[in-house]
Amino acid sequence: MRGKLSIYLFMLMGILVLFLSACNGGEAEESGTNSDSETEAGTINIGFVGPLSGGSATMGIPAQNGMELAVEEINDAGGINGKMIELMARDDEADPAKSTTIAQQLSTEEEIVAVLGGPNSGPALANSEVFAKYEIPNMISIAQNDNLLDPEKSSFATTFAMSENNTYDVRAIVEFMKSQGYENIGVIVDDSAYGQGALESIETVLDEEGIGIIEKVEHPVGAQSLSSQALKLKNAEGIDAVYVVTLGNDAALFVKTADQVGLDLPILGGRGLNMSSFIDLAGDATEGVILPTIMDPDKPEAQAYIQAYDAKYGEDNDPAHVFSVLGYDAVKLLAEGLKITEGKGGVELAEALETITDFETVSGGIDHTASYSPDKHVAPNENFIIFNTVKDGEFVKVE
Amino acid sequence: MDTFLQLIIAGVSTGSIYGLVALAFLIIYNTTSIVNFAQGEFVMVGAMMAFFGVALSEFGYISTFLIIVGSMFVLAQLFKFILVSPLQKRGSSIFHIIIGTIAFGTVLTEGMGLLLGKQIYGVRPLMGREPLYFGNLSILPENLTTIVVSFVLVLVVWYFFHYTMTGKSLRAVGINPEGAQVSGINVARMTIIGFTLSALVSGIGGMMIAPISGASPYIGLPIAVKGFAAAILGGMGNIYAGMIGGLIIGVAESFANYYISSYAQAIAYGIMLLMLFVKPTGLFPEKS
Amino acid sequence: MLEVKELSSGYNGVEVLHGVSVDVHKGEIVSLVGLNGAGKSTLLKTISSIVKATDGSIMLNSTEINRQSTDQLLKKGMVLVPENRMLFPILSVEENLLLGTAAKSKKYRREHFQEKLENVFELFPILKERIKQQVGTMSGGEQQMLAIARGLMSDPNLLLLDEPSLGIAPILVEKIYDVLTQLNKDGMTIFLVEQNVSMALEISDRGYVLDLGKIIMSGTGSELMSDSRIKEAYLGS
């Protein structure tokens, strides 16, 4: 009898998993500043598809805030040719299937002139095909996978990115490694598209640059223990540093555990470490960790932005403002294109975006500007990344 | 050798979390036959309340513990009076109630997201952050607390079920509800006590994991899956065997992660499937 | 002591009892007989508040008890020894007996548990030998004794018994009936449901016949025993 029941139990668990994924793929929740489906005469609608709930909301919500801040500034300054911008934000829960459904719905039922993409590469890749089909310019704000923008694909024409990709980050990190004299490293990545995409870039770039990977380990997102991984890296001989490409809470567990098992090596991270949960969870163990960031506190624009953002939203899980600022700059770039087309979207807007050069952004280092061209659809120039470290529980710039 | 022992320590710490979830799950199953698919969300509520108390309100752990106890108590009442009782009154079968628990869990996740936010939040640990060393071996204080608390809770629950009248009555309800009723046991009251006990164990479990892996409204399902696997491995009919099941899965994962990393994720599911085929009653079935 | 008036009840909207009236006076043994499916168990369950009455009234010692819960009724001195015994097979004899006092206070357990235990061991000495044994491993007859003993642990004065002879060796049935007459002599009122009609009516002061949810006949034990219709339907002659 009990045996039978456990089989039922197992079947029910299967049903549960199906049920939850069905929910994810199903309805499109609305949130954000505007849920009006009617386009008023005087407004320009811009969509945003990103994770406003779930583990990645830690990036999606600050991104949305940054976008709203930019929209507010643009509208206060008179909008685009007198028309106000409205942001239509949709939660895709970082689920590619759900993201595709939302893309379809936004493309066909709402009059959006352009759309902003979120932090997750999986959904961004999936929904960009849909937006491309309807010729809606798509500005991916945070996601970094190397193959988001593929000149071979027809979707390339209308797809743009605010941020640089994984390989760009890895190259920057490798420069840093070389400056420190590291010859061999260990790598830990999570098993999501983010970690796996990064791992591919890391393997390629390090191979080119002649830095060895002695050991690479993986872990599931939201791990309860990373001892095995830390021990494996500790027991690997000849590692000079460990490169951690996971999100804040997992990275926190890793640095704590590394400390505990006596893995006393310099730790370098990916952009995903820029979360307050990283410091909150791991405390002192985060001290000295090196991570790439895109906000230079010495830049006056950045200072002004941080002030404005914190005044409006208070402290959040994005203490280095890396995720929010990408949302902000992505909107500013789109607006620059819209000024050229006088508010029109479609291919016209995509072509207008391709003419933008040396646009001043809040993100990036002192000399950073954004430019597009017909074959360059990522905005940053070579001065995008700067490095932060953790000192006394705060992210500070590495000089 | 040190690595081997260190892997065992790691396995025991995660395993005790799985075991704690299994314990909470088996308390409800063995007293009411309800398979509570919202068990992971119960743990999540504990974790989010830990975030609310320790991080958001800076209350300290004692007050936070009291907040968690209070919330879990309320949660158990909601579970009973919003989900279970209305369905029972309508004469629904146990399977309807079980499906209902899934919906209940979803509501908890969404509700908690609206209440406290949908991101992942860090919570500082109870006993400081300095690793503890025993010779060449080490452990994080939050892992040690988890192990100790889990074992103490199993003992407390065991004592309760075997040495108190309420506990024995609760077991009786699980064995034969109508028999319990004719014996003079107030079955409705026992059910709510069972839910409350399970919720408390879950809540404390949530409080334990919040400083380890963070709190978010979405941590329920993954942790529940591990808890269910532990319960099936130990034996669904034996409330305490889930802890042993949890430890086995924890240690197996720990070794698999070290030696065969890419398959480690399948360990819990693999063990659970194997058990269902080979010995569906689990390793330690309650003798009957 | 127990007055049931025009009682109706059933399961999931299907009525099983249609206006049943039964009286049990203090000190009596009253039997209820009837064919399989007549509704005998349903009547006992409705009286004990396991099944809810849809109509009619149940009075215990002149107070209406329709809306009371089973445990409250145990506190008032009425206990049901149910069909199929409903014991806790994985628990010991002692634990089963302890659970029989669940409706009572802590104080009652502290002051009277040992005494009650000795009382039931006197009636059923075999249980004393088996005190630590797991109930599931005992014979049907032993389990029936335990079921009655568990009922007695709450110190009732009205015992509702549902087919105590079901599936038990005749020698043990006799033993159980001896105990019932003994209990009755010591003041226990007993309402007995039986299929073993001759045996039940023999020890009863009065009896009722239930058929398809209605009382179709009542009278003293000997009146019913000599009724030709009873003989035909239940005594197989």
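For reference, chains read A, B and C in written order, and residue numbers begin at 1 within each chain.
The criterion applied here is as follows: a residue touches a chain if its C-beta (ideal position, glycine included) is under 8 Å from a C-beta of that chain, and two chains touch if they have at least 3 such contacts.
Values in this document were obtained by computation on a predicted structure and should not be read as measured data.
A linear topology is adopted by the chain contact network, the touching chains following one after another without closure.
Among the chain pairings, A-B comes first (most C-beta pairs in contact). Taking the mean of each chain's C-alpha atoms as its centre, the chain lying closest to the overall protein C-alpha centroid is B.
Among the remaining chains, A is positioned farthest from subunit C, on the basis of C-alpha centroids.
One finds 42 Å separating the Cα centroids of subunit B and subunit C.
The distance from the centre of subunit A to the centre of subunit B, with each centre set as the mean of the Cα atoms, comes to 33 Å. Centroid to centroid, with C-alpha atoms defining each point, subunit A and subunit C lie 72 Å apart.
Counting partners per residue, subunit B has 286 as the residues that reach two or more other chains. Those residues of subunit C that touch subunit B in the shared complex are 12, 48, 50, 69-71, 74-75, 79-82, 85-91, 95, 98-104, 106, 109, 134, 136, 150-151, 154. Contact residues of subunit B toward subunit A in the complex are 3, 6-7, 9-11, 13-14, 17, 35, 37, 55, 98-99, 102, 106, 113, 118-124, 129, 131, 138-140, 143, 209, 211-214, 216-219, 221-223, 225-226, 228, 232, 235-237, 250, 253-258, 261-262, 264-265, 272-273, 276, 280-282, 285-286. By the touch rule above, subunit B contacts subunit C in their complex via residues 91, 165, 168-169, 171-172, 175-176, 178-186, 188, 286-288. Residue ranges on subunit A touching subunit B, taken from their complex, read 2-10, 12-13, 16, 19-20, 23, 52-55, 57-58, 61, 191, 217-220, 222-225, 227-229, 231-232, 235, 247-250, 252-253, 256-257, 259-262, 275-285, 316-317.
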